Amino acid sequence: MNVSIIGTTGYGGAELLRILHRHPEFNIQSIHSTKEDLPIWMEYPHLYEIIDDHLQSIDPAKIAKQSDIVFLATPSGISGKLASEFASENIKVIDLSGDLRLPAETYQQWYKNEPVHPAISEKAVYGLSEWHKEEIKSANLIANPGCYPTAALLSLAPVVQENLIDPNSIIIDAKSGVSGAGRSLNRTTSFSEANENFRAYKVNEHQHIPEIEKQLLRWNEEIHPITFTTHLLPISRGIMTTSYVQLKEAYQTSQLLDLYKETYKDNSFIRIRPENNYPSVKEVAGSNYCDIGLHADTRTGRLTIISCIDNLMKGAAGQAIQNANIMCGLNETTGLDFIPLYP
Amino acid sequence: MNVSIIGTTGYGGAELLRILHRHPEFNIQSIHSTKEDLPIWMEYPHLYEIIDDHLQSIDPAKIAKQSDIVFLATPSGISGKLASEFASENIKVIDLSGDLRLPAETYQQWYKNEPVHPAISEKAVYGLSEWHKEEIKSANLIANPGCYPTAALLSLAPVVQENLIDPNSIIIDAKSGVSGAGRSLNRTTSFSEANENFRAYKVNEHQHIPEIEKQLLRWNEEIHPITFTTHLLPISRGIMTTSYVQLKEAYQTSQLLDLYKETYKDNSFIRIRPENNYPSVKEVAGSNYCDIGLHADTRTGRLTIISCIDNLMKGAAGQAIQNANIMCGLNETTGLDFIPLYP
Amino acid sequence: MNVSIIGTTGYGGAELLRILHRHPEFNIQSIHSTKEDLPIWMEYPHLYEIIDDHLQSIDPAKIAKQSDIVFLATPSGISGKLASEFASENIKVIDLSGDLRLPAETYQQWYKNEPVHPAISEKAVYGLSEWHKEEIKSANLIANPGCYPTAALLSLAPVVQENLIDPNSIIIDAKSGVSGAGRSLNRTTSFSEANENFRAYKVNEHQHIPEIEKQLLRWNEEIHPITFTTHLLPISRGIMTTSYVQLKEAYQTSQLLDLYKETYKDNSFIRIRPENNYPSVKEVAGSNYCDIGLHADTRTGRLTIISCIDNLMKGAAGQAIQNANIMCGLNETTGLDFIPLYP
Amino acid sequence: MNVSIIGTTGYGGAELLRILHRHPEFNIQSIHSTKEDLPIWMEYPHLYEIIDDHLQSIDPAKIAKQSDIVFLATPSGISGKLASEFASENIKVIDLSGDLRLPAETYQQWYKNEPVHPAISEKAVYGLSEWHKEEIKSANLIANPGCYPTAALLSLAPVVQENLIDPNSIIIDAKSGVSGAGRSLNRTTSFSEANENFRAYKVNEHQHIPEIEKQLLRWNEEIHPITFTTHLLPISRGIMTTSYVQLKEAYQTSQLLDLYKETYKDNSFIRIRPENNYPSVKEVAGSNYCDIGLHADTRTGRLTIISCIDNLMKGAAGQAIQNANIMCGLNETTGLDFIPLYP
């Protein structure tokens, strides 16, 4: 299968290259960017003498002709337009941006961008791999999930689907490494400001809120609006969501762990930790794992759920390749057997 | 006033030295540790040629004779015993450990240590400076608050006291820099394991839970048990608590900010941030400030409260000196005019 | 004394504010920037409720009228022009940039900027405080030394002046924290690129090379061109220079330490470490100290010299205030009694 | 091929597991440690559900029977004893410690440990893969090089072998991430002390000095003792050596780059950077690359050589596997196709 990447110079694009270069079934056909002609190693010297490709201009018609799969690693606002251009082509498209994840009105409200035409966005399958395998298999257009939603949704799914919680009690306290903000420069993500620091941002205003709520409602239509806070961690990679929900009944931690293990038993990227063991972000770094730990507090009747992913892997490029694998009828883990890099 | 420090080689002790060395009214009389005879700069080379004192053995009777104030920067389990030995002396004692903060039974349950005799602990005033000034003024024994409780309580006080929240809705998601774990060695706080990492620990089991609840109940007897999660940040100093409470009525953020500003208007170490502005931990580093930001979410009716302190300053040594100032009738800010070190 | 700062929004300007706010003899008269009217706390929230000043436009005539001392914390290329405008005024000017440190031709070659008129630059005294006190006392214009030159020169001075080394053997391997690059944004200093990284830059091409050589030649005219490499450390503050020189004779480390201690015995900001003890950058963080450690290797006849400063303090704002103190006849340590912030 | 690891709980052991788990020709037969019976994931949760093995006791006879290759990831002092026990067995042994790298007397002097019997150490081939391929092919016992020596030697080899430099001019300024110090606990490598810090250690006393000199002398018998300084970087992984040598003649950087490229043209793990491009440690993180950049300074006649490796990969486990590949007649890159993890 020939694959092309558009928007290769961002961190999502670079991570796609890291995976695709050793993927046994996918061949990097071409890489694209507005910085055309530049060899990719000049943007990313770690790829020197590994990937010799030069960046090419973004010509959708030409790309469609040469490729079986296209990854859009372009920013929100750009991706949607490109997806529209590829819509009539016989090609699989996976969009890593937020452009295809929401209904038009909601998108406009939270992203402050012009939405894509509903004819396009309604065709897009939400690529939360563990939950939509059948749909992904037959899709031509994937809205790859956001990094925060991936961590949060995978860890909330069992209790939401089984209706075990007060539907008006979901609070998600989320923390992300700085690479989640992309490679463009701004003060908050400059080293001297982010280092030895920790800050909350977009409090109750993050554009991933409607994405999470949309999926929760798909699972359980009683779910109320959620509380969601994002914080910037002084690390390059990694997301943790610490979620709080009120249990309807007094479950033991072990009972809930059993439910989680059963739910995800056929999903090798989801690791449910044993009781009294909680994942840390470094324990999934560089890999496609989502690690989950639970604690049901008998004092309060609340459940605390810890979920960790690498935001560039399971939160972006890794899940995108997982979706491409599923779309192509491959084992979903193909080319994704990265062991976390520790320490 | 002559002051002595016991347990000088921990981070709390070192921070006391940093403050006391330039305090205009307090004189460092002697410093004590089990590592007697060692010059303090050999433990802390940053003090070389600044503080020439050698560590002395811990002889309570002798210390009491020479000192007006004693700071106990010793670990839980040790501090309580020392406080008991000083109890009959005419000397002011400020204990930075958790030994005097809880009733005996609760202490034993959460700390797994032998509690001090109630005759001692009941004499101790809980030194949350902004709220117990009158009691502190006349106290001889101070239970200096824990780092997490200081950040959490100062930021919850106005809405708890004014009874604006559902008493069964308090969730505190807390994050601390590594110095909060002290200077003793363990794997979790070794560089290679903590760096580029973020982990939750003691989920629903942290010994600061009963300390927070005790004070909340003092303010509002309807308060239910809280949910409290602690996480380890890959930074040396700093604590943030992100707290979530359900508002009883639909308040605007600005109304609540007005309440907070009014509440703390005479307290120069509490800085209430303007609307849409949230503190980060680096913005208080090295200082005695507690910075607070708020957001009331109209979608959910919940209030998100961000609170930042330097765990070694307002969360330990800084507040201890603030309490000593109050005990001695000084302005509470004396010797504590540190501007945050940024960047 | 009324002091004004021009270029207040950079890290050097912010550090001047941190020092000046509690300086007993200097009063912050006004702060200036191209971002006029903005309250400084909006640029630096750590100053919220501490420094209420608003930034003002840069009007040299007006500033000169109101101020006794002006600090130029402006970038190279701007500072020189401002210094020229203040030249005819009866005011003390301290320039933290590189504009006044070099002869015109050398400046143009290394900085690629238009040099200031020699009539100005020749009036400027090189403010290496420990070595030029008499000149500084009577100067009206100070070229405040660069951060790397300060660390390197203070640590090389004794052996260069005493002519103990092969004049063609000076190699300086320098490492700096990221704040040394200033507050403007670029990819190399963004968090995701600088974190968990270490890189060499401007190898043999750094503009501080001629500044170091000029001063070394002033001390010892036989000195040859030096080798100087700069590296970017993943920390916010701190510089270490590791310097290598060939000793002419076989000295013991202890003999050289005696020389260093004697040389700097009246300089309280220079701390010569005992044998087998070497400074680390964190041991001077936030302070005006320059800490020096030595090791003479009997196997090679070479001397290794370790020197640490805080690049924003002794390497910029701290030394600038030290120079201002000297110019005003104050004790050089006035307002600079910061104990390093550790850990 | 069945391989076993002794000393699996250190960082070198964990990194061997990361590589071996997906190595196409090597099978992890058993893992050994003094912590017998523990499942490895309890020591390293990032391996949870990936590697299910339990640690086994260290029984050399039994291990020899079951294995074709044994990796000794044990500390210096232990490794040598184990190597001796395996010496009479028909098994390939690769020792990652320093026990087999030096003559007995030199070893004792620098390591302060009892040396192994010369009959053992003299059989060991120094496994600097790029330079000793033929010897390694036929060896049964490999002394795997130290991390610093690997970075330094690979980058000095061409100019030392070609005799282009003053043999009495080699100065190596080395910087390492904290994982190089291993997983045992000590204050210097605790987070609060190492973070936001940078320190020199073992100045002119590091045990890698004789290892580097031994190999340099093998290449060029005129080489004099070297100057070597080690520093601790606040990162988990990565080594940079910045080396300084005096060129005998006035070479251009480009001429020397040509020499380096020619020298290493058949070695895919050595990447010689183009002129004006220098490697950073993050650009090799998690991979087996050694990246080298050069600058010949016409002002001084000195050559500056920058060399970067991941200390746990090319500096330890990666090179060990590379050597095992060579010993087994495989392509040296087998199972080592890791692209650096960036950012």
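Just so it is clear, A, B, C and D label the chains in written order, and each chain counts residues from 1 on its own.
Assume a contact is a pair of C-beta atoms (placed from the backbone, for glycine too) under 8 Å apart; a residue touches a chain by one contact, two chains touch by 3 or more.
None of these values were measured; they are calculated from a predicted model.
**Q** Over the chains that touch one another, what is the least number of steps taking chain A to chain D?
**A** Shortest path length, in steps: 1.
**Q** If you take the mean of the Cα atoms for each chain, which one ends up farthest from chain C?
**A** Most remote chain from chain C, centroid-wise, comes out as A.
**Q** Which whole number of Å gives the spacing of the CA centres of chain A and chain B?
**A** That pair's centroid distance is 38 Å.
**Q** If you average the CA atoms of chain B and of chain C, how far apart do the two points sit, in angstrom?
**A** About 36 Å, centre to centre.
**Q** Using Cα averages as centroids, what's the distance between chain A and chain C in whole Å?
**A** 45
**Q** Counting only residues that touch at least 2 other chains, which ones in chain C make the list?
**A** In chain C, the residues touching two or more other chains are 11, 179, 192-193, 195-196, 234-237, 279-280, 282, 285, 343.
**Q** For chain B, which residues are in contact with chain A within the complex?
**A** Those residues of chain B that touch chain A are 171, 173, 175, 192-193, 195-201, 203-204, 224-227, 229, 231, 233-238, 240, 242, 244, 278-282, 285, 293, 295, 297, 299-300, 302, 304, 306, 343.
**Q** Which positions of chain D touch chain A when the two form their complex?
**A** Chain D residues touching chain A: 11, 14, 17-18, 21-22, 44-50, 179, 195-196, 236-237, 268, 271, 273, 277, 279-280, 282-287, 291, 337, 339-343.
**Q** Sort out for me which residues of chain D touch chain B in the complex.
**A** These residues of chain D touch chain B: 11, 177-179, 183, 185-187, 189-196, 234-236.
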